[in-house]
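Labels for the chains are A, B, C and D, by order of writing; each one numbers its residues from 1.
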Amino acid sequence: MRAQHGEDLSPSFHPVRWIFRENPVFRLLLGLCPALGATSTAMNGFAMGAATAFVLLCTNATFSLVKRLVPRTVGIAVFLVIAAAYVSIADMTLKTFAPSIHRALGIFIPLIVVNCLILVGGGAPASACSGGGAPGAFSPSFADAFGMGLGFLLSLVLIGAVRQIGSAYLPVFGMPPGAFLTLGLLLAAAGRSRNGKNEPSGKR
Amino acid sequence: MFSVFLSAIFVNNLLLRQFLGVCPGTMLCGGVRKAIASGGVIFCIMMCNSTASWLFDRYVLLPLNAEHLQILFSVLILLTTTWSVEVLAAKLLPSVYAGEHFRLSYGTHCAVLGVALLNLRKGYGFAEMLVHSSGAAIGFSLALLLLAGIMERLRFAPGSERLKGMPQALVAAAVLSAVFHFVVL
Amino acid sequence: MPDEFEAVSSPHIRGEETIDSIMWDVVLALLPVMIASVVFFGAAALLALLASTFAALFCEAAVLKENRGGVRRFFGDGSAAVTGVLLGLSLPPIAGRTEYLWIPVLGSAVAILVGKHFFGGLGWNPFNPALVGRAVLTISFPELMANLWTVPGIDGFTSATPLRTGGGYTLLQKFIGNIPGCLGETSALAILLGGAYLMRKRHIDWRIPGGFLGTMAAVAALHTAGVRGIDAAFWGAAWREILFQWFSGAALLGAFFFATCYTTSPATPRGRLVYGAGCGLLVALVRYYGRLPEGVYVVLLLMNALTPLIDKYTVPTTFGGGDRTMNEKIGSITALLVAILLSAAALTGANALVKRLAAGPASERAQIHLEELVAPFNRVIGGDGFLRSATEKGEYLKVFKGGELVGYIVQVSSEGYGYDDIVMLVGADTALAVTGVAVLEHDETRGVGDRAFAEDVLARFRGRSLAAGIDFDGVSGATRSSAGVRSGVEKALAMLAEVVRKGE
Amino acid sequence: MSLKRGTFSGGISPLYKKELARDKPLEVMREPERVSVPLKQHIGAPCTPLVSKGDDVTVGQKIAESEHFVSSPVHASISGRVAEITGASVVIEGTGRSAFSSAVPRNFEALSAEEIRAAVREAGIVGLGGAAFPTHVKMTPPRGNTFEYVLLNGAECEPYLTIDERIMIEKADRVVAGARVLMKGVGAPKAVIGVEEDKEAALLSLRKAVSVFPEISVAPLAVKYPQGGEKMLIKSLLGREVPVGGLPVDVGALVVNVGTAVAAADAVTEGRPLYERGITVTGGGVKEPKNLVVRIGVSFAEVLDYCGGLAPDAVRVIAGGPLMGRAVVSLDEVVVKGTSGILALTAEEAKSAEERVCIRCGRCVDACPMFLTPNAFAVCSRNALLDEALGLDIRSCIECGCCDYVCPSRIPLVHLIRRCKAEIEARKLAE
């Protein structure tokens, strides 16, 4: 994950950018696990996207409030604790009010905490990424978080819709191989991903 | 026990059947050698983290009736274990640690946390937890290795740039996922 | 005479073989197999083969410009034709019925577009395209692809998978053909003819089919030894078993035509041996210990995925790079020993596992949750107290209401279509009439098999008993799953009947 | 030696096409009027001229020499006047017939090993099979090594070429004499002459010739290419493998082409230097294929002319055999010591087809007599993966062309391998 967020990510309000040019799933290749695992239907995709967007927005808002009080060394930990709190809230809410969806999304709800999208879009400190690359000094605004969440939500709904419609004709789309297949085909259709590394990194 | 192990490797393979740890860093990990190295590291971290999470859940959270804090503490334990394994590795095996192989991509965190949570959700006992975690780690590394072999070969494939990289890796993963679906010994 | 001549690198002469000549030779070698399938399965087989082949060619032409414009160009280098024919041969006979002709067409399209050209086209596909096409079909339409083994000549008659039941066919029948199976699998003779032609033309290396069939034979012999012990008649029995394994299902077709696909098998000689042996070992293990009726195609895909790794670690020792002859000897002996040890270990493990699963009680976890699971289900019976009891066949709950025994709840599992058992609860009143059925866990195909578990379907069991007969119509398209539920109910009632009889 | 047929693993069986020239007896070509003798016809340091423009020279006179050990002197191939000395060759214009007057025959049995090696060097003997490595260098073992066998290479596995076969048939006694001279020169107790088993006449006449020398034997070899490769020949005859990066002497063998053996015998016993050699002029593009003895430095045009000229459909002219020979651009090229034949191929023979993608069929791996992986080299070469290629032992490649010959996709493997090797060398120099 070598997202290169830099000068072109101005803090101005550009939610549309996150939907197309910098779609988190199709262009930035962020949050692929839920994009595969929680999209067997459009409804599941929507729920997953909504939960993620909720956590993203809330974490972003809360963290930016307390950011100045947090020493840099524990920044990442505090950030994750906040995210985990919101994830727990989302988890409980879904469990109580939409148990069938909660069951369908399964483990992907708690895993929102470690979703790359949250770490990048929520403005986690650079040390969040212990290796794969760093989001750098990118500090997203609330608008960015909103756009990103929306982009993610729409992507998941799209994938879910494709799989749901596809599985009516070719049941493989509803199964794990179909998830990979759908995302692979959609990524190919979306064109070259923005964070460059659309090819093996280890050219020896 | 044996079937838990086997199904953790194949039918319930983390990467290919449960979609945990899917990201460019794992799908295109950059060569077979690197896949082998990271497979080993992932195995260590998964085992440590699963054990720690299980113990904490069983002996702290359950007695306190605080299961709603499971997610929070799982994340904290994940942070602690990855951090301590790194520190330990840097101390004990500086040469290995210095190599780029040691650095894990994002996706693996998702997989490591996923295994720990699966262990708790399925209510495994200690032995089952160990067997399941090791099976999951082996399965994850196996998937990583197979994909690395395929993608290493496809490095120089002709054809549209659109297809290269992640799209091809995902479709290859789709086929492997289908294969693992059937591997029920 | 020109003043200047071509200045090109040596060598200046070339062999005769080209991609085209090899590919069309493979098609030629497949001809006896195709003829056998048409002879035994009739015109439908021809239709299926034509559909798959032409669909493959059309898709190829859609992708490749050089395959457009002219009949000769349309047929191209033959690689698409090979894929199409192989896919057609791996389909069940019903694929040739007009209402199912979309199966070969869809399979070929997936094979060529996704399996081949998505990865860069000829020479780059990591998986055999025909197998990718077949895998998608098998996963999507398991009942169509695997469940209906049409007996040749008798249209529409379905029988159980011969591999599981033995099918009652003699070895000679299996050798000549005329047995149920996929189109290309029916005649061992035809496959051997084609394979011999390819070996003679040196298009395929003996190591792949040799390693494949040899390892299968070794495991089959070991299995025979394990089942009946080694006595005077051992070798006869072992050979019968070996030939049965070879001539059944897709073993021969896989060994000679699918596994030898150039692009997806190793390029090094040692690698090919390892690859062939790996295929054979896994196929034998899947057949003896797996839940799949036929594992050849899946095993081949798995081995395809291993090919880059095999290639990487079997680079031949350079001439003069060590005592080669000795190395070779050690290498082959080690490979053989490892294969034997692995299969022996797997046999022992699987044996122990099967015994434990058959004899042991339900797993600990299931017991803990039984009461919990029963709670909502119990509403039908309306009990207020439970007593956990057990017979040697399994556990059950006695349901009490006001201290009076009103019924039973049994947890049973039975085999469905999926790979995991159907686990269900069956409730019965004291007269042993069914009060309710609930499916707890299953691995049936979503949207297909699980229709058998719909509440209204399960409700049809209510009131039935063994005495009255469980007259239950399966859900069409989910026959195996329905049968699984039914046999589970029967099992539960039989167990309770015994409980009642013993007066417990 | 047993009479068992010697062979090696790998290799190919191309169409031999030897019937074109096989039955044509050795024929001495008319003496050219003008020769252009290159100063470097061998592997090693080039020579500096000993004559200057206008000097009269006689046939067999040494006209160029070098101080370096790994080098070989050059002799005048006709009598006449030095017309010109260009940077790379000495041009001599002839003055009538010029036969070499041989010195008083010497009894090589009386000579020491050093004297024999000196005589071989003085006569400018190099490997005539094509590599043109100075023979006296080969005969000087590195310290600590001794020769056990002299192996005469009569395999002649290159298609089309028949000159060695004719020499073995017609000059079997001289071949055997050469073997004895070389045995004496390197102190080897035994010699084996390896001949592909389809060359029955050659086997027969050689067997007759060696019958009085029990220390020399004739061994039939499997008919396949590259049976005449140094390492393959040793494997076939002795069952020994030259280690990676090693020399034949590491397994106690000296491998010399039969033509070279004859030249060595002539040099030591008659003092005759290497000013002429036998070549096969053949191929579908040559009107009258012949086995000729020609003077060094004669142009290809003149030789082809002597053989009735080129057929109109000849598209490619090759110095050497069809599998390892070099395509020449112009017929002004001259015959040198390493030229084993002149081949003119028609378009049908030199099939060139469109290159396709690699289908990983592994035929190249099967064919490689050095047990290498040419398909991987092609990938390395195209993507400049030099270290990977080194790891796969690309330097062990003998460029025999087997992989290229069998490739159904017509990938120019030898070309790619050469390029990769050159890049590796260039990188090494740069470091």
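Quick note on the criterion: a residue touches a chain if its C-beta (ideal position, glycine included) is under 8 Å from a C-beta of that chain, and two chains touch if they have at least 3 such contacts.
Here the structure is a predicted model, which means the values were calculated and not measured.
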(request) Sort out for me whether A-B or B-C is joined by the greater number of C-beta contact pairs. (result) A-B
(message) By mean C-alpha position, what chain is farthest away from chain C?
(response) D
(message) Roughly how far is chain A from chain D, centre to centre by C-alpha average, rounded to an integer in Å?
(response) 69
(request) Find the geometric centre of each of chain B and chain C from their Cα atoms only, then give the gap between the two centres in Å, rounded to an integer. (result) 28
(request) Could you put a whole-Å number on the gap between the CA centroids of chain A and chain B? (result) 19
(message) Just the number, please: Cα centre separation of chain B and chain D in whole Å.
(response) 60
(request) Would you mind listing the residues of chain C that make contact with two or more other chains? (result) 114, 118, 121, 124, 135-136, 139
(message) If I count partner chains per residue in chain D, which residues reach a count of at least 2?
(response) 357
(message) Among all residues of chain A, which ones touch two or more of the remaining chains?
(response) 172, 175, 177, 181, 184, 188, 204
(message) For a test of understanding, state which residues of chain C touch chain A in their complex under the given definition.
(response) 106, 114, 118, 135-136, 139-141, 445-448
(request) Over in the complex, which chain D residues touch chain B? Could you list them? (result) 357, 379, 382-383
(message) Per the contact definition, I'd like the list of chain B residues that touch chain A in the complex.
(response) 16-25, 28-31, 34, 68-72, 74-76, 78-79, 82, 86, 102-107, 109-110, 113-114, 117-118, 121, 151-152, 155, 160-171, 173-175, 177-178, 181
(message) Using the touch definition from the top, list the residues of chain A that touch chain C in their complex.
(response) 167, 170-172, 174-175, 177, 181, 184, 188
(message) Help me check something: in the complex, which residues belonging to chain B touch chain D?
(response) 155-156, 158
